[in-house]
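By written order: A, B, C, D, E, F, G, H, I, J, K and L. Residues from 1 in each chain.
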Amino acid sequence: MSKEKTSLGFKRSILAQSQQEKTTQTLQQTLFDLVDLALQGKQAHWNVVGAHFRSVHLQLDEIIDSLREASDEVAERIATLGVSPEGRSAAVAEHTRLEAYPAGGQSTAATVSNFADRLASTIQGLRQAIETVGELDPISEDLLIGVSASLEKHLWMLQAQED
Amino acid sequence: MSKEKTSLGFKRSILAQSQQEKTTQTLQQTLFDLVDLALQGKQAHWNVVGAHFRSVHLQLDEIIDSLREASDEVAERIATLGVSPEGRSAAVAEHTRLEAYPAGGQSTAATVSNFADRLASTIQGLRQAIETVGELDPISEDLLIGVSASLEKHLWMLQAQED
Amino acid sequence: MSKEKTSLGFKRSILAQSQQEKTTQTLQQTLFDLVDLALQGKQAHWNVVGAHFRSVHLQLDEIIDSLREASDEVAERIATLGVSPEGRSAAVAEHTRLEAYPAGGQSTAATVSNFADRLASTIQGLRQAIETVGELDPISEDLLIGVSASLEKHLWMLQAQED
Amino acid sequence: MSKEKTSLGFKRSILAQSQQEKTTQTLQQTLFDLVDLALQGKQAHWNVVGAHFRSVHLQLDEIIDSLREASDEVAERIATLGVSPEGRSAAVAEHTRLEAYPAGGQSTAATVSNFADRLASTIQGLRQAIETVGELDPISEDLLIGVSASLEKHLWMLQAQED
Amino acid sequence: MSKEKTSLGFKRSILAQSQQEKTTQTLQQTLFDLVDLALQGKQAHWNVVGAHFRSVHLQLDEIIDSLREASDEVAERIATLGVSPEGRSAAVAEHTRLEAYPAGGQSTAATVSNFADRLASTIQGLRQAIETVGELDPISEDLLIGVSASLEKHLWMLQAQED
Amino acid sequence: MSKEKTSLGFKRSILAQSQQEKTTQTLQQTLFDLVDLALQGKQAHWNVVGAHFRSVHLQLDEIIDSLREASDEVAERIATLGVSPEGRSAAVAEHTRLEAYPAGGQSTAATVSNFADRLASTIQGLRQAIETVGELDPISEDLLIGVSASLEKHLWMLQAQED
Amino acid sequence: MSKEKTSLGFKRSILAQSQQEKTTQTLQQTLFDLVDLALQGKQAHWNVVGAHFRSVHLQLDEIIDSLREASDEVAERIATLGVSPEGRSAAVAEHTRLEAYPAGGQSTAATVSNFADRLASTIQGLRQAIETVGELDPISEDLLIGVSASLEKHLWMLQAQED
Amino acid sequence: MSKEKTSLGFKRSILAQSQQEKTTQTLQQTLFDLVDLALQGKQAHWNVVGAHFRSVHLQLDEIIDSLREASDEVAERIATLGVSPEGRSAAVAEHTRLEAYPAGGQSTAATVSNFADRLASTIQGLRQAIETVGELDPISEDLLIGVSASLEKHLWMLQAQED
Amino acid sequence: MSKEKTSLGFKRSILAQSQQEKTTQTLQQTLFDLVDLALQGKQAHWNVVGAHFRSVHLQLDEIIDSLREASDEVAERIATLGVSPEGRSAAVAEHTRLEAYPAGGQSTAATVSNFADRLASTIQGLRQAIETVGELDPISEDLLIGVSASLEKHLWMLQAQED
Amino acid sequence: MSKEKTSLGFKRSILAQSQQEKTTQTLQQTLFDLVDLALQGKQAHWNVVGAHFRSVHLQLDEIIDSLREASDEVAERIATLGVSPEGRSAAVAEHTRLEAYPAGGQSTAATVSNFADRLASTIQGLRQAIETVGELDPISEDLLIGVSASLEKHLWMLQAQED
Amino acid sequence: MSKEKTSLGFKRSILAQSQQEKTTQTLQQTLFDLVDLALQGKQAHWNVVGAHFRSVHLQLDEIIDSLREASDEVAERIATLGVSPEGRSAAVAEHTRLEAYPAGGQSTAATVSNFADRLASTIQGLRQAIETVGELDPISEDLLIGVSASLEKHLWMLQAQED
Amino acid sequence: MSKEKTSLGFKRSILAQSQQEKTTQTLQQTLFDLVDLALQGKQAHWNVVGAHFRSVHLQLDEIIDSLREASDEVAERIATLGVSPEGRSAAVAEHTRLEAYPAGGQSTAATVSNFADRLASTIQGLRQAIETVGELDPISEDLLIGVSASLEKHLWMLQAQED
């Protein structure tokens, strides 16, 4: 356990300097995607219209709960590793890798399709992050696997609704 | 009850056209502030350090719960009035009236002071919104009064901690 | 606080005679609509058929819960003001301002449309009642604003399902 | 299991045509009484005055809960058998076999006696219905036995209060 | 109460020898159907695809809960009567009276229709079993009536979704 | 519904005079057995010793819960039918049909065997009572079937422990 | 800690022989009163009639809960001290020090008065027992003080209802 | 939002100086009445005797819960506005506007009547306070309307018990 | 058990006349202190300011809960012994033995110190009361020991915060 | 993320074709074992007899809960990867790798031993599956590790009971 | 209340110097036994094998819960009296009065016997401690009586399992 | 799956002999640290004094809960692998790798720093153990990763409080 102070000023560092930097950069990029996807989820939750409104409206809130819990865990892992996490709106808007969600009311079919696309992109990013941190920090890897497993199951339940 | 289709495509409109426009514009500006403040709250929750860490860390999560519930109610009121609510990251970053939260780790004192300033700004915006919609729609006015009452109590409990 | 006996025989009357009469008449008409709409809701809940059966079946029960709670509050407000509330089947059938619900099995689309029309009528009546009692009794006004806010949100979630 | 379509349009019919008709007619008459008695219960709940007010007020709500649950079960049994249940206010007012509840405020003694009479009538109707459906459909018979058992116990606890 | 040892080795037998044999044979056949239908339900739950995916996916799990509880009660009733219940996969596959569920992914419409057919067959078997044991053991009859009542209601809610 | 006063002084009698007498006598004898068996259960619960102590100690309390609930239901059914139920210690000791439980500490094997014998006697009495009231009052019959079903299942779980 | 075997066959005895005998005899007499009073409480609960029926009916069940919990604790304390507790119906009927409860239906006033008398007798017995065991075993004394405190509070709430 | 320090030393004041003073004075007077009425309620709860003892005893505790919650909300609103709330026993005794509660045991009828009188006075005070703060601070007005609505309902349920 | 009527009019007195007087006087003085300390606790809860605000604010509410529960138990013990308890604001203000709490906003350090002093005084009074009633009534002694144990633990957790 | 349609018809495939095939085949074989073991568990739960009946009966239900949850997770993982899971009775009977459970009543010792053998076989299969998928899909590997960890703990608690 | 500083640095001491020393020494010795017995309990919980494994395994965890709660209360009582409690592993190992628990796997019979012996020793120590502190501090005496009552009941339930 | 008997006498061994030995030795060393750290945590919880007393006092109990749960899981994993776990006080005192916690009262700052140091040492040991067992048993590796993730998060929340 390294004894030099971390950037958040902690006296005890869990990882060595080089592992810490690469791990937290990877986690930070994941954090941008997760926070942005939660905001897109609320946008979708509020703007969906059509015959399956109620079912999609409720399902989105369950996914948003998973996303918010995930972003909290990822950000607190960054802090646990001694680095400052970033989740402010301008930074999220700038660094997210997700395509913007379309404006205005959306039919249930378009909502399912649009959100599933962005959920799939987020999972793709998570898969890469798992590979990267897998060689640096097994705890962070385990955390990201848990997040991805949960989102992949949501993806199934979303895309099982497409014709 | 007006019978022309609303912008979300609803057949039944609760308010007349002119009332609806001004009411939902006011609610939309409030929504930008509330979503941004919740993101700033998480930023503060993750980046606080110092002797009162635990207490401030927990208190911020209570405020964030209030803010998320409030933004959901305001956005769904906009939809109830037949208009599409907007809460995507780029739009929030562009339209928020709040000063950006400082980057990096913050002491507990700085955290309390910075967040209290932004909470006060949000309340100021709510007070103006209450006046505006008070003459257009008593239901929306009642909703905003409830939101402001809750945030003002949080403001007390935050600034009572300043020396 | 007036000291003459109310029609329920109470010794203390909260409102003056003239305020009390107009307020309770307005509340009584609202009560007829709310009790009738709850009965129509059960009728719809039992008679809906078609592909969205389960979702509409469950949603109607949530609206019925709101309606029953609202009618209880309105009736007990009438009693609080010293007047006997009326909610028997024959009186409800005679005085309701709502169009009768169609007989027999109904498709989910027809169920949503029929019930949304009657819900919109009830909200229209509530909006007028809020204006009327607003000048007579702020407690009753506040109660009706709460009822209307809840029903307007249900209306959104119903009509968001119409094509 | 008969294969002709039922009046609600179902493809699979649990009972043969003749059993189904007589069973659902008997259940429908029971439904009218149960819905009407629940409305009378609320009327009594709102209009009772006098020394034991609070106790009777609360006891009525417990009986109303039993009645609402019972009417839901009976109506859904009718639908299960493929026939459209009827519970709209005008139909209830026309077909109920119960004597109308008296108008205006009622003393606790009168409330207990009036409501016990109507509860006894409802039980009498249920006893006849049990005999009728006992030879047609054991599932419906079992359901009505459960309803009657619950209402007979309420009758005991009501009439144990009469002098 | 007979005193000869039962096939499970119990010293006290609730039914006479002949009643016991016929009753437990009837219950055993019912058990085969119920265990098989629960397995088919899971198969359907995992393989459904299409626009109503989420609603059907959830509804099937509620039916499976009823089926598992029912098979547990029936099997324990057989054991209570002193006979060994049989529920192993090969025996279930051999003795079930239900048509096999189709392989692979199924649309929501096909899922509803296929499962409703098998649910109707199970109910038909239960109706016959009720008649058979009705003359041998009122406790077992009562148990089967409860099981059938629950499954018949599920059948209504399934087939109300067919066009 | 008969209108002569019952022995508890009620104005409304659910059964005719002759049905009521035979039904309540049968229920009363059942009540004596159930109250006595619950007392024997506590005696056993307190006096069991040996290697399976803990398991038998806990199992007896579950059976006692069933017995107390059952005796409450039977006694309140007698009262519902307008007759005074009897459950005082001297009357129970005189009228119980159960053999007395042996005094002092008992091994777990003796406890299981002794209590199973008395539970079997109680079930035998219930079976006869079901036949008797089956022709007089279907509600009481249904209640006793439920009681017997529960006790028979407990008997299985007790005697499955005997070698 | 004495090493001779207790009458329940335990190898470790918490009290010396002479303390154990007197303590358990005193606890046993208390147990007879508590079990008998619980039976009288159920008798009263089932046989009360009159205007305050509901209130007294519910209050008795709360007292019975206290009595059953108390008798369980006292009996298990006897067993803890290595002696066999006695609670069978014939022994209770013979050894109880309480006057028998009157037969048949009782008015609410008579019920309250009769039961308060027996509750007061039980408390008197407990007071004597507390003095006796106070010099022998502080754990048993503490247990009886807890029981008496609870019953004395019930006595207050019962006799506060007498005129 | 004014920037001068409040009397509790806060840096941000929600209301202007003159509005703040009048609003908090009005809230403070209400606070004296509410704290005093809660103490009177406990006095009544402990000293009531007579036939309906139990029912009134329980009802008073429900009212006390409402009063304690209300006084907490009012006091914290005063602090939110930057002013020190006052609730010590001597100050309450000096400034309460309520008539003192009579000493010693009180019959249930006297208890109901005495407490209803003081509850009515409190409501009268609240009504005036609502008018005063209605022009100064809508959040405080809304809070007081909520308090009054709750107390008026309690008043109804109390005085409905008077002959 | 004495048979002369107590001052609350009860027919059965648990203690002899002389024991009862001294016991209830001692309990009454304790009641004055406990009610006053709860009011001081709320005063402190509302007026605390400074860095540890939130922690002290919450801790005080936990102590107040203990105090309110304790005063309820003590007052009901007085009533159980047949004497009228006294807890009105003027009597509390006159008879409390506690020093008045200082007016206006208080720092967290002053709040902790001031409240710990008054809590220590209350415990001193309780210690004397335990001695006094120890020779008169073991049930009351036990109740006061429980109250003191709880308050002493709160004292520890308060004064452990002083520098 | 591959874009060719999966066998369940999904548009987005999480794994490449070759990884997907081998992963889902391995998961499918695990699914057969898990579903069969749950059926064997119920068989054992119903057919166990002997002195430890109750303990083994309850323990088996806890293992069955783990098995059912595991089979649901494994099957839904297969579907998430776009392939149709198979769990019908005939397929399970054909493909399970577990030895058949013996017919008829089994002593507790035989039950523990027989079931522990089959549980050990299932774990052996899981261990191999973990190795296989470990190189193909970390999410599936993680899922199987969790399943095996839970079953291994159950195995300990079962075989700790063998002599 | 003494005013000299305690060894934990508190300004207010509840007991006089000499009482405090003897009381806390006695409590500290009890604390060593309780902490050690909880560790032995876990050792037994992990190392038990044999036919009653599950029952003993669960029962030990219930005893451990009691022991942990007891050691926390005793340690916090020491702190409340102003003295530093000691519970570190080396100190516990040195000062415990209990015989060491045997190493390795233990049969259920040996586990019950070994643990009952050590539980009996702990109770013996508690009995002496009760006598010692009984003359120094009634609050501590009451605490130890509660602890011993709970452990004596556990002893009964353990040794009732020995042959 | 090896068939030779394990040291706890189990017939089925999950790991091969050599894997089992190294894995359980590593787990056993972790167990010593975890049990010792939990005892140190209680020592700290009881002996902390100073300004943030309450916050640190509560936070330590949350960490202790995590540690106790972790030591239970690790010990039961050792037993699952067929080896006897060791957790007795003398063995823990001898084998723990943690520096002893300082004696007597500790300020909050010293408490946080001392406990964070020992928590960091424990994590360091866990990190090494994860590497060691990662090549022997993926289930044990997964368990240790979960334990370390939880303790690392606690470390963040502790050291974020240091200046």
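Annotations
The definition used in the following text is that a residue touches a chain if its C-beta (ideal position, glycine included) is under 8 Å from a C-beta of that chain, and two chains touch if they have at least 3 such contacts.
This structure is a prediction, so every number in the text was calculated from the model and none was measured.
Over half of the residue-numbered contact pairs of D-E are shared by just one pair in A-C, G-K or I-L, which is G-K. With centres defined as mean CA coordinates, chain B is found 23 Å away from chain A.
A separation of 53 Å divides the Cα centre of chain G from that of chain J. Rounded to whole angstrom units, the spacing between the C-alpha centres of chain D and chain F is 31. Counting partners per residue, chain K has 8, 49, 52, 55, 76, 79, 142, 160 as the residues that reach two or more other chains.
Remark: the chains found to touch one another pair up as A-B, A-C, A-E, A-J, A-L, B-C, B-H, B-I, B-L, C-D, C-E, C-H, D-E, D-F, D-G, D-H, E-F, E-J, F-G, F-J, F-K, G-H, G-I, G-K, H-I, I-K, I-L, J-K, J-L, K-L. Within the complex formed with chain B, the residues of chain L that make contact are 52, 55, 59, 157, 160-161, 163.
Residues of chain E that touch chain F in their complex: 1, 8, 10-12, 14, 76-77, 79-80, 138-139, 142-143. On the side of chain H, the complex with chain I involves touching residues 7-9, 35-36, 39-40, 42-43, 46-47, 49, 71-72, 75-76, 78-79, 84-90, 92-93, 96, 100-101, 103-105.
On the chain G side of its complex with chain I, the touching residues are 116, 120, 123-124, 130, 134, 142, 145-146, 148-149, 152-153, 155-156, 159-160, 162. Every residue of chain A that touches chain C in the complex is listed here, in rising order: 48-55, 57.
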